[in-house]
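For reference, the structure is listed below as structure tokens.
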Amino acid sequence: MTRAIPLEAVLVVAAALFCIGLFGALSRRNLVGVLMGVELMLNSVNINLVAFWRYLEPQNITGPAFTIFIITVAAAEAAVGLAMIIAIYRNWDTVNADSVDSLKG
Amino acid sequence: MDLLIQIIFGLLAALIIGAAMMVVTVRNIIHSALWLITSFFGVAALYLVLEAEFIAVVQVLVYVGAIAILILFAIMLTRHISSEGERLLTSRWWLTAIVALGLFGAVLLPTLAGQTWNIPLPTGPAGTPAPLSGVEELGREFVGQFLLQFEVAGILLTVALIGAIVIAFEERSRRRRVLTLSEEYTLRQRQQATAAKQAPVATADVAD
Amino acid sequence: MHDVVNQLINTTFGWGWPGWLISLISYLLIATLLFLIAPFQMLFLTYFERRAIARMQDRVGPNRVGPEGIFQPMADGVKMFTKEDIVPDSADKWIHLIAPCIVVAPTMFMFAVVPWGPGMVPVDLNIGLLFFFAISSVSAIGLMMAGWASNNKFALIGAMRAVAQMVSYEIPAVLSLLAIVLITGSLSIVDLINYQGGLFISTMDVASVPDFGLGWFIFTPVGFLAFIAFFIAALAEGERTPFDIPEADSEIVAGYMTEYSGMKFGLFYLAQYVLNFLLCAMTAIIFFGGWQGPGVGWLYSLAITPANPEGGWIFNVLSGALGVFYFLAKTYIFFFVMVWVRGAYARLRIDQLMDFGWKFLIPLTLVNIFGATIWVGLTRWGAAEGLAFVEGWSPIMRWAIAFVVTLALNLGTYLYLARIYAESQSERARMDDEVLERLTNVA
Amino acid sequence: MIKTEELQINIGPQHPSTHGVFRMLVTVDGETITDLKPVFGYLHRNHEQIAEVNTYLQNMPYTDRLDYFNSMANNHAYAIAVEKLAGIEVPERAEYIRVLMVELTRVLNHAGALGFLINDMGAWQTQLAFGMREREKILDLFESASGARLMCNYFRFGGVVRDLPDDFMPRLKDLLVAMPAFIDELERLLRENEILLQRSEGIGILPRDLAIAYSVTGPVLRASGVAYDVRKAEPYSVYDRFDFDVPVGSVGDVYDRILVRIEEMRQSKRIIEQIIEQLPDAQGGHINPKARQNVRPPVGDVYARVESPKGELGFYLVSDGSTKPYRYKVRAPSFINLTPLGDMCRGYKVADVVVILGSIDIVMGEVDR
Amino acid sequence: MDIQRGNIIVMDRRTGKLRAGQGLLQGLKVVWDHWAASFRKNENFTQIRGNFTVEYPDERLQLPQAYRNMPVLLYDDESGHELCTGCYQCQRICPPQVIHITQAKDPVTGKMVPAATEFIIEYDACMSCGFCAEVCPFDSIKMDHVFELSTADHDSLTMRKAQLNRPISYYTSIAPDLWEGVKAGAMKKLQGNIKRRPGVIGMAPSLTEKIKARRQELAEAAAAAPPAAAPAAPAAPAGKLTPEEKAAKLAAMKAANAAKKAGGEAAPAEAPAAELSPADAKAAKLAAIKAANAAKKAGGEAAPAEAPAAELSPADAKAAKLAAIKAANAAKKAAEAAPAVAAPTTGNGTAAPTDEKAARLAAIKAANAAKKAAEQGNNE
């Protein structure tokens, strides 16, 4: 595995995923779409962590451990984010990011 | 063998990137979510290629089994908004596209420039023990080295859970409550009783 | 399988194929075998269910096609295949098409970690249990797709119910298994089965117990409670009565399958029955020792294994046959229990289902995990872990004390929770009363 | 829990659990029902108008088709109405046979109704199969007496069409041996089952006063706590000769309706036992030989009612002196018991709708007529 | 509220009991008991457990005698006569009005005969109420026990008389007691009705051929003995004239008249006889003889003889045709003999002999031909 694929290849994939996620998070109007972009970004971070662990320090458990933490954070983020989206939907009757522009609830 | 792995990796990379592209470009938000799931699966498979089975399974369990489903639920609960014909992206999407591409270029260019392709990577000596990624090691480290982080993550999860419930839950008084027939009946009776208590004279008159 | 193929090709024929090719061939063989077994299991289960439930209703059941109606499922399958495949006009065609596939695929995946007999496991993943449950949650996506793509209110409601139910009952299922995992200290399904040798007491707990393959977890209080919780969760996960709410025919027609016909519908059916089979198999494996049973362990110790290369191949066959027999017998008994429950009970309402899962099963399983830690502490820990007072006790004594303590804990918890749960139901009525009181004062 | 848009669902007319072609236009908020509009008329067969162009006797088989579960009870109500109108005497023995048949009908209706109710709750036919098994036994008896299982058309003006066959009584006694066992078993299945209690307790409550206001009758009314039974309130036929109790509920929910139906089966069995005792001494034959079937009642009108298993079944007939009724009106219990459905379902969940509907125990043949 | 002879029981809801799954276990127990008991067959009314299934096409329940499914018409095995008299009682009472009756008419006198020529019941709309069987004063219509009537179309469920006919012996096999109760009256009424039915009217259609065959045998036997004794006795059969005989007689009379009309000169009408079935053979022979006599009387001059039958029932169509052909031939001969133009031979030869109509047509044509010939004869 480590012989066949250079570390950089994996990192390029992660970087591409991150950039796509960034684009999605910044440019989609639908709040759920924004959240999906963020999830993509978090995934790319996880790929990075696992790749570095595997290629550089396979004997150190830190990489997987932090991947798990990030997955946890992602789950929490998704739960809170979606709850917020639903709350926004209830108050504004829309889930478009640019329609939600007033400070009054 | 190496070639096989390279092919598999290439396919996986294409799957992950392609699915991610679909996520941000597809008009229908449900399709977008399904592409996201595809992308998650691709990442899980990549973890398997990277010999991190536990992470791969957790990826499937959490991302596909929980987060993706949450997203689908949220889409369906806010359904009638995600209709066709609306603008998909914000008005300045080209700006974000430039930013994203620029960032990718900034990361990728040095990598491509500094990479010496097709040179076997320095791997450990032949007798290197298998990489540690087992559940047991993780468990030990969670209650050892990473105890603090573990606790923090636990608290974060709890807080997120409570927060999500608080945010999404309507206040009881604001919630629309549909009274059942018997409740309505009891209510009317009680209201009549209170009315009778407040104006005993008037009711007496009516009775007369 | 790898050993056998390797033996055949490289030793018998002497072709000297590379190891990865042998691996590929053996895995392909296993996959083919499992893909053949799964649909036949489903066919037999439908027949089994219909016959058994007919008996419970003083009927005979299908007995016309073939001897005692054994070919009835085939006839049904032919019917399914030849039916017109209807796609609603306003459906999302592609998603409508791939949803059944996505529902079926994970159930096939899950076969990968199911051990059929001693040494007969397709893949011995060291995270087998986690794999099983991670994969099983994938089919929820397929259900969601099916419900959404059909563009039908009933389908959508059914899908939402199905997914909500699957997600919330995965938690008690996993938590109840967590107690077992705590005791065995491994997520591997093979380890789990190996732990269950013995006679009422596992050989791993008390080494002096004779190994009759009967040291099942069901004989411990922790295992029993976990079994109850797991089986209930399995009923919910497999959408069996009393938790068959997603396809509640009396309310929402057929749930997410409403707009499906022909073989797509058949695929949903296939997925459901294969999943039921797997859940029953898992119950048998985790709590009833899987292939463990009198004689298997002894036969297997005489067979050719990596540990015992000088064994007789006949013992491989014998132990395998006996193990598969035990395993399938246990599995079918559990499927019979599922049918039995289906024959006896009505269906819960969706909110009651959620209440039951969250307010009763999850606390119960959490307490059970606590019981499991007590169990581990009392049977295995010593002064090194800070439990000095157990040092002088004999293993059987430690086992007995652990048994009594966990039994008391679990029984007390069960009764207490039952009472609290009942009270929470009346609490709800009182809350309704409060609302009325407030409304009265408003008016 | 989470506010969503209100959704309109059509339950029926093609739906597995609407007890026929019945449509409920349900508006739900999440899973909670905010409004329910019953729509019927899909099974309308012009019953009353057809009856006005038929002779009095010709209408008898049509009444079978009103509530096709209890054709005997329908026959009874119609026969009583015409006999009142035309002044026809009924021999004692015929009255006993009639009451026997009607009480058997009550048992079979309740056995079936409870089975269907549990089926609506999602059971997989077992309780229904048990109920149907007993029902089949009773239908066997009906068949041997009247010639048909469902559309019995057994009653005639002044009696019944033919006397009980010789093997009827022994078979009836056999049946009475099995009946308590069956009722007990049904009670064991229904009474304490936690799942069933969850589904039925506190569901579809119809308060006593409202039940009276909606002019609901039958087990639904009694479950709401009103001890009103036409057999007691206005004893017709020979019902004043039997001892039997009237079960009533205390809350008026689905659970009470189940309990009341179970107890009513017991009481019916009691009545049947008394009939078996008294029947040999009864005077007269199975039919009044002087009664003309081609009746030509004098000008006038009449309202006759019986306690059908589903409630008060009444026939209002106006005669203009010809052989055909001038006006023929059915007070169908299913139809009137259905009126509070929309209100009863409000505030409950979608799954409760079918249970509440099942607990009312309707037959669309009677609702739409 | 007070009630007489009984109490008001308030149902016990058993609240306050700790419910920890005992009810669920009880339910499982009940179902288990049924499962365990289901391996034996149960046909006993006193039992509630055991397998109750009657595996229908293989096993069948004994239907009770009173069972009613669809109405059928009975006929007497012995005489072949139907019990039905076409009194319209059933048609009148039938609530869905699916019974349609055509009453038989005497072809000679045109009077109603107590029998039905056609009896149609639309099984597809029949509601099996059994009123028709109840009101039938002749116990002719009875409810059958056959219930496997499903078809793919409605038309095949419109039952005509031939399909409705069942022998009494069939009914006694399905409902012996019920038949025993009405047997005497029904048979008595039947005897009375048979007397009023000429020919095969009122006989089960499936039996007419058989009966005719039997009658022919009898007639042949009779004819063999005194072949020529009868010719001069035209009045003899009056008492028991079957409709064919009547018809034949009528034809003969008509022919004679026609011959007479031909100016007192009788035509040598030929008799349409020998091979005819016994019933009409005699009559036709008679007619022929009469015609011949008339012709003889007419003094050798040709006159077309008109032969047979006005309103024959379909079964004797053949005979009628034959008679017609013969008459036509006779007419031809007569025409040849006289200087008259040949009478137009009719197209009877090709007409299918299956129905009454054709036969009637043939007869009418023959009569016309005879008339024409007679007119020509007159003209000359």
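Every chain is named by a letter (A, B, C, D and E) in the order it is written, and numbering of its residues begins at 1.
What we mean here is this: a contact is a pair of C-beta atoms (placed from the backbone, for glycine too) under 8 Å apart; a residue touches a chain by one contact, two chains touch by 3 or more.
A quick note: this is a predicted structure, and the numbers were derived from the prediction, not measured.
Student: Indicate the lowest number of steps between chain A and chain C, counting one step per move to a touching chain.
Tutor: 2
Student: What is the chain whose Cα centre is as far as it gets from that of chain C?
Tutor: Computed centres place E farthest from chain C.
Student: Across the interfaces B-C and D-E, which one involves more C-beta pairs in contact?
Tutor: Top pair by contacting C-beta pairs is D-E.
Student: Whose C-alpha centre lies nearest the centre of all protein C-alpha atoms?
Tutor: When every chain is reduced to its C-alpha mean, the one closest to the whole-protein mean is D.
Student: If you average the CA coordinates per chain, which chain's centre is most distant from that of chain D?
Tutor: A
Student: Which integer distance in Å separates the CA centroid of chain C from that of chain D?
Tutor: Distance between chain centres: 45 Å.
Student: So, what's the distance in Å between the C-alpha centres of chain E and chain C?
Tutor: The separation of the two C-alpha centroids amounts to 72 Å.
Student: Any idea how many Å lie between the Cα centroids of chain B and chain D?
Tutor: 55
Student: Please tell me the distance, in whole Å, between the geometric centres of chain B and chain E computed from their C-alpha atoms.
Tutor: About 83 Å separates the centre of chain B from that of chain E.
Student: At least two partner chains per residue is the criterion; list those residues in chain C.
Tutor: 56-59, 343-345
Student: Would you give the residues of chain B that are in contact with at least 2 other chains, written as numbers and ranges?
Tutor: Where chain B meets two or more other chains at a single residue, that happens at 1, 54, 58, 66, 73, 77, 168, 170, 177, 179, 183, 186.
Student: Mark out which residues of chain A touch at least two other chains, giving numbers and ranges.
Tutor: 86, 90
Student: Going by the contact rule at the top, pick out the chain B residues touching chain C in the complex.
Tutor: 1, 4, 28, 30-31, 34, 37, 53-54, 57-58, 60-61, 64-66, 68-69, 72-73, 76, 134-136, 177, 179, 183, 186-187, 190-191, 194
Student: Which bits of chain D are touching chain E when the two form their complex?
Tutor: 54-55, 57-62, 126, 130, 133-134, 136-137, 140, 143-148, 151, 153, 161-162, 165, 171, 174-175, 177-178, 181-182, 185, 188-189, 191-197, 201, 225-229, 232, 235, 240, 242-251, 255-256, 259-260, 263
Student: Which bits of chain C are touching chain E when the two form their complex?
Tutor: Contacts found on chain C: 52, 55-60, 63, 340-341, 343-345, 414-415, 418-419, 422.
Student: Using the touch definition from the top, list the residues of chain C that touch chain D in their complex.
Tutor: 53, 56-59, 153-154, 157, 241-242, 244-245, 248-253, 342-352, 425, 429
Student: In their shared complex, at which residues does chain C touch chain B?
Tutor: The contact residues of chain C facing chain B are 20, 92, 95, 125-127, 130-131, 133-135, 137-138, 140-141, 144-145, 148, 156, 160, 163-164, 167, 170, 185, 187, 432, 435-437, 439-441, 443.
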